[in-house]
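Each of the next two complexes has chain A plus one other chain: chain B in the first, chain C in the second.
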Partner chain A sequence: MSSPATTRLASLRGTNNEGVLALILIVLVVIMTFINSDFLSAGTLFAILRSSIVPTVLALGVLIVIISGGIDVSFPAIAIFSAYTTVVLVQGSGVDAGVLVVLAISLALGALLGLVNGGLIARFKLPTLIVTLGTQGIFKGVLLAYVGSRYIADLPLGMRTFSTMSVLTVPDGGENTSLHALVVPVIVLCLVVNALLRNTMFGRGVYAIGNDTEAARRAGFSVMKLQVILYVVAGVLAAFGGVLHVTLTRSANPQDLLGTELDTIAAVVLGGASIFGGRGSVLGTVLGVLLIQVINNSLILMGIPSAWQRTAVGLLLVIGVGVQAISARRASRRVFAHREVVAQA
Partner chain B sequence: MSLEDPSATETGVPVLEARNIVKTYGGVAALHGVSLTLTAGHVHALAGENGCGKSTLIKIISGAERPDSGEIVVNGVAHSHMTPKDAIQQGIQVIYQDFSLFPNLTVAENIVLTSAVAQKRKLFSRKQSRPAAQRIVDDLGLSLDLDQEVERLSVADKQLTAICRALINDARVIIMDEPTTALTHSEVQRLFALVGRLRARGVALVFVSHKLEEALQVAQDVTILRNGELIISGPATDFDRRSISRYMTGRDVDESRLVNAPRYDRDPVLQVTDLTLPGAFEKVSFDLHAGEILGVTGLLGSGRSEIAEALFGVLRAESGTTIVDGKATSIRGIRDAIDAGIGYVPEDRLTQGLFLDKSIADNVIASSLERHRRRGLLDSRKVAATITDQFNRLRIKAPNVEAPVRSLSGGNAQRVVLAKWLANGPKILMLNGPTVGVDVGSKEEILAILRAQAAAGMGIIVISDDVPELVAVCNRILVVKQGRISATLTGDHITPEAIQEGMAA
Partner chain C sequence: MTDQTTEEPTTRRGAAVESNRRIDSAVMNAISRVHVQRGVWRMLVLTVLAFAIFTAAKPRVFLNPLNLQNIAIAAPEIGLLALAIMLTMLTGGIDLSVVAIANLTAITISTLYTSVAAGNAGLAEGMAPLIVLVGLAVGALGGYINGLLVSRVGITPILATLGTMQIFNGIAITWTGGKTLYGAPEMLVNFGRTVVAGIPALFLVLVAAAIVLAIVINKTALGATILLQGANPVAAKFSGIRTGRTLTSTYIMSGLLAGLAGILFVSRNPTASADYGSSYVLLVIVIAVLGGTNPNGGFGTVLGVVLATLTLQIVSSGFNIIRLTSYDYAIAQGAILIIIMVIDQVTSRHRRRNVPKISNALATPTE
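On to the complex of A and B.
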């Protein structure tokens, strides 16, 4: 039996090493502050939060898929497909659509594309990586061939309105610096997804199928239904991320976002989600996203070429997965040791 | 229905009846007209050899499979088939051999989750789930850490979690598939005490078990299936170990002692002197002769498996000498052991000894590729000859040698492991728990194969705690206690009583 002190320490560490991740994040910030005294400022903080808006939303979708034991590489394609198509549709209609119309169209598109993924995966029991790799290509191709390949700079009203809105302005070294308003819906969304995963049977079902699909079936979960729904939810989240991206960049470019899979998946895995399924949390994912943004930001501040950013993130992903594999092996050894003690008793 | 009220289900009345169940898979009948009646407060032992239809019957009762015809009557209501949700709602719970728990969720969540699904709940609350789980655990007088993740529990605690989960759904029928296979002796006794408490609550239990003594110890009713047919059903008092074996196999199973005469006149094939690995075993010395079957027994954790693993190079002994066929041999790795002519069939045959998704043929040949080589390439004709020879000699029951090993029953999978090692033509073959999880008929055949190999001149070491098995085949038995050989039994001194005394003393 562990003593109360170690139990308290363990709970601080979090079930998915969230505590460890937070500690790494703090250490990194401290180091960066030593290197560059300008680092710890409202400006940097707001910049990192702003740059985390889209990755966080995309990561939430990936988190749900990874917890269910799958992997999704089609989310950037879904994101940009939904957002860009919405812009094209709204412009074609000649009506300057507001935020609700923009969201309704784009999220419906995301849900539809997610349904394609979920349908293929659940109905034909296909490997998730291959299916989403394939649909990624299809979505991308259809977007460029049929919807458009043009860069669009004038956005619908619903996107324009929020492009430069801020919620908080503070003085920072003589100038004023602002926090982007879109941070607010992202925080709300994190809370919603957290509740969805922890406090609904759908969420528990996602963890259950990620743990052991057969056991989930025996427990009475409808595995096929769950899979379809979770890919639809992931598609909707991706589409929302796409809309936020277009809003923030104030332009719609069909080539955007593609290639951000690495950053997003790395953030989710670093955030403690197990690539073997059944494990992961919103808090960990948010910390993972922030960690990657801070690292990218720090490398820029230190004047390191951007090619090294990819290397750094790739390295982090491999380390994250390696830590998981090693701790899983340790855990199984612990059970074995425990059994031997029982046997000798 | 409240769990605190044991009279909620009266004991002695039938709670579930399966009537004339027929099920065929692709034209092959798995069950023809099998019936089963479960009574409240009784333990019903369901016995039969591998492939007799036990699992199919359980799957039909639990809704995992649909019967072709027949009906399932639960509390007087007849159903043509069940679905998993129906079954759970009707209070039917299956505890599978793998427990079907969610390893990354806590004990409390595991206990509560299925009932939440059955109630078609949309929301889930950790706070509410904990007291509900706590009530069950307290009620059964168990000590389980509810906040622990299931993957960190021992096998016995996982099983207890699965039982609690069954009870929170107000289970009136609990079907346990091979509940004792992975448990130690004391854990089995604790389980049986718990089964007594469940009976007092009026729960009807089904024990699916290979272990005949255990089944008889705990059951009130016995039903035996063979080849998809109901052979006999009746009160447990009408059966004994011998009659159950006969009903299961359709013949008298010979468990009597039958041993060859080893070649004691020649030099031993294996001489082990003062083999020591601190913490595992100390100063282990013994000889093994050609044609001899040597038993190594002891309690779990006594060091019996470690000795074999050291001889096979899985572990490295710190000191001591090993002489194989008159030659001093240092075994530093598995390669050295195989080169010296030593084969080892590990304890957990399914995970350690086989490539489950590969064919029988690939598995048989997997560890003897060296012997089937000609000018650097595999000699396909020789490979085919070895595979066919082993397949036929060991009478592996499968459509052909291309069938994946995963599709085989336990006894047949064990034969594939044997074939794999025999294909290598070892001088010494060590087997760890060779018949764990194997039914009586297959067990007898596996023991016959061992006798035949010994008669052909092989030296065989059987590591086991299955007393009847040791008595049946061993020329000599070493009893290991806390890493040391505490007794050596030979000839007429090999009796079940002597072995049990040696292990416990």
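On to the complex of A and C.
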């Protein structure tokens, strides 16, 4: 059981099956390269990274909530609410605001909406799915009814400058392809959230309340405070995702992102986070998002109608979670068998 | 009293204890019934309140028979989907795939009908009942797949049905090519227009389905196992209940209800598409919870869910009449849901604090 080879394999596998996920990703890339030699190119890589920018940021917020044992379905509403309202406010002020002003306003809005979620959940101990379902309706409704439902094409200067900025340009088959600059802040953000979850008391607290709220309380964590803070953080992350989305699409459409909540949750769960809380990692989440983006991209390259994307992601989710469920059951059976052996001896 | 007890101490005392116990259980029963019916009463008050508010605001338009009929025509499909979700919530699960299943049923019916009708219109009409049954079977099959994933494979219901929702929806998109299909059996279209004694036939479908479901939940062994499964899965397992079979039947029934909703989709409008009612998923969860269903399982009433459906339809139609947008309706949905949950939480905490006192007071005489 504990020979060096197997332990090394186990450590490669990762605590949340990140290794398995990475392996699937690599196998997929190899297969795709055989099928279509165009696949393995800087252009494809950059396209996949660009399309992963917004899903990754949104997934990070969802990850924190899921680790804490909750489910948030209001984050797309928070994302587009914050971003769109910021654009409207900045346009209304008449001043062409810079990037810092835009970020400050939208992140503050995200924090405020997250505070509403966190306050309701922590103060009244309500089921997270139900609360966020309710706030989703309220946020969406307030945005469309009272902030605006108009498509806005001219963005504030702070966003415009970033829309087409690239950080890396390489020649690719005669043409130049470039990597979008916004990949950089997203990578930094992943590292920050990773450190936040692994190395801070807040992060340990989030895992603790996800594992066992009562145990966390007795261990001295202030569950209420932690819950409020974590939903504020999730709100800020959602708002950042919204700003990135508006920047990348170069327009503010208040109907965007809404309805994508389940896709993002699927990516996070695929990345090894347990829907019951207490388990999950930034690395797994990023791999989950990348896997979905690679599959979407592969289907297009293979000439399969994009309509199959939903089915593919659904199948992947069912298979991924199904394998986890079956192996968990086997593991628990092994533990029982082991216990019986010990009891008999 | 005292000299009698010396004569026959045991039997007298036994009778006293017995009668005391009977009173005790009757009182506890009444208390628990009041508690059980609380959700229904509250919903009834809310329904009447919503009706009264909009009647007061615009009596002419709101009480117009046409408007009331519109409410009764729009409500059934949502009500059936909410009942489907409520049923799975009773076992402590959830079924996110109901709308996708309903759309698959609608698409199946529309496709079969138009392909047969292309060759022979009369034959297609004659085969209409069969086509509808095939559509219903598609719903049952979708539910069966969910049931297998939940019971056999052991995937958490919310994830299993999230996955199948994507799969069914993907199949529907590919099948229709993202377009809206036109064409439905005349039989269904006529049925959709039928009005019996001022009540649209579609609404009667909801009433019938609700009655059947209420009987299944409250009067059958399957219903009892479903409730126990949700209230305490461990106890259910150790009382010899076949958990897997209960869950599979629950999800098949949920699929059937969704399929029935799909039939109503095509009866109301002879069209079918993959993205019809995409906003229904969250709406029907709101309705189920508002109707008093405990999302953690073990408790919920059919009547509560039907009343919640009506309330939200009344609010939706009323908002239209007083010229509020569908966005305001979204706000109202969310606000109603959260306010009800908060009130529930506050009063149930209060009640939990009081419960030991009541039972102590009742218990002392028997001691």
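Operating definition for what follows: the second predicted complex is superposed on the first by the 341 of 345 C-alpha atoms of A that agree within 3 Å, B and C clash if a C-alpha of one lies under 4 Å from a C-alpha of the other, contacts with A are read in each partner's own complex, and residues count from 1 in each chain.
Keep in mind that, in the parts below, contacts are C-beta pairs under 8 Å (C-beta built on N, C-alpha and C of every residue); 3 or more make two chains touch, one makes a residue touch a chain.
Given the structure is predicted, the values throughout are model-derived calculations rather than measurements.
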item: Chain B versus chain C as contact partner of A:Lys225, first or second or both or neither; value: neither
item: Superposition-derived comparison: chain B or chain C, residues of chain A touched; value: C
item: First (chain B), second (chain C), both or neither touched by A:Leu144; value: second
item: Touched partner set for A:Arg250, first chain B, second chain C, both or neither; value: neither
item: Which of chain B and chain C A:Arg217 touches, first, second, both or neither; value: first
item: Chain B versus chain C as contact partner of A:Arg198, first or second or both or neither; value: first
item: Partner chain(s) touched by A:Gly278 [first = chain B, second = chain C, both, neither]; value: first
item: Contacts of A:Ala208 with chain B and chain C, given as first, second, both or neither; value: first
item: Residues of chain A contacting chain B in one complex and chain C in the other; value: none
item: Residues of chain C defined as touching chain A within the complex; value: 96, 149, 153-156, 158-160, 162-171, 173-174, 177-178, 278-279, 282, 285-286, 289, 295-296, 325, 327-335, 337-338, 341-342, 345-346
item: Chain B - residues contacting chain A, complex; value: 62, 64, 84-85, 88, 94, 96, 98, 100-105, 109, 113-114, 116-118, 121-126, 149, 151-156, 184, 187, 299-301
item: List of chain A residues in touch with chain B within their complex; value: 15, 198-205, 207-208, 210-212, 214-221, 274, 278-279, 331-332, 334-335, 338-340, 342-344
item: Chain A - residues contacting chain C, complex; value: 71, 73, 120, 124-127, 129-131, 133-145, 149, 259, 262-263, 265-266, 269, 275-276, 305, 307-315, 317-318, 321-322, 325-326, 328-329
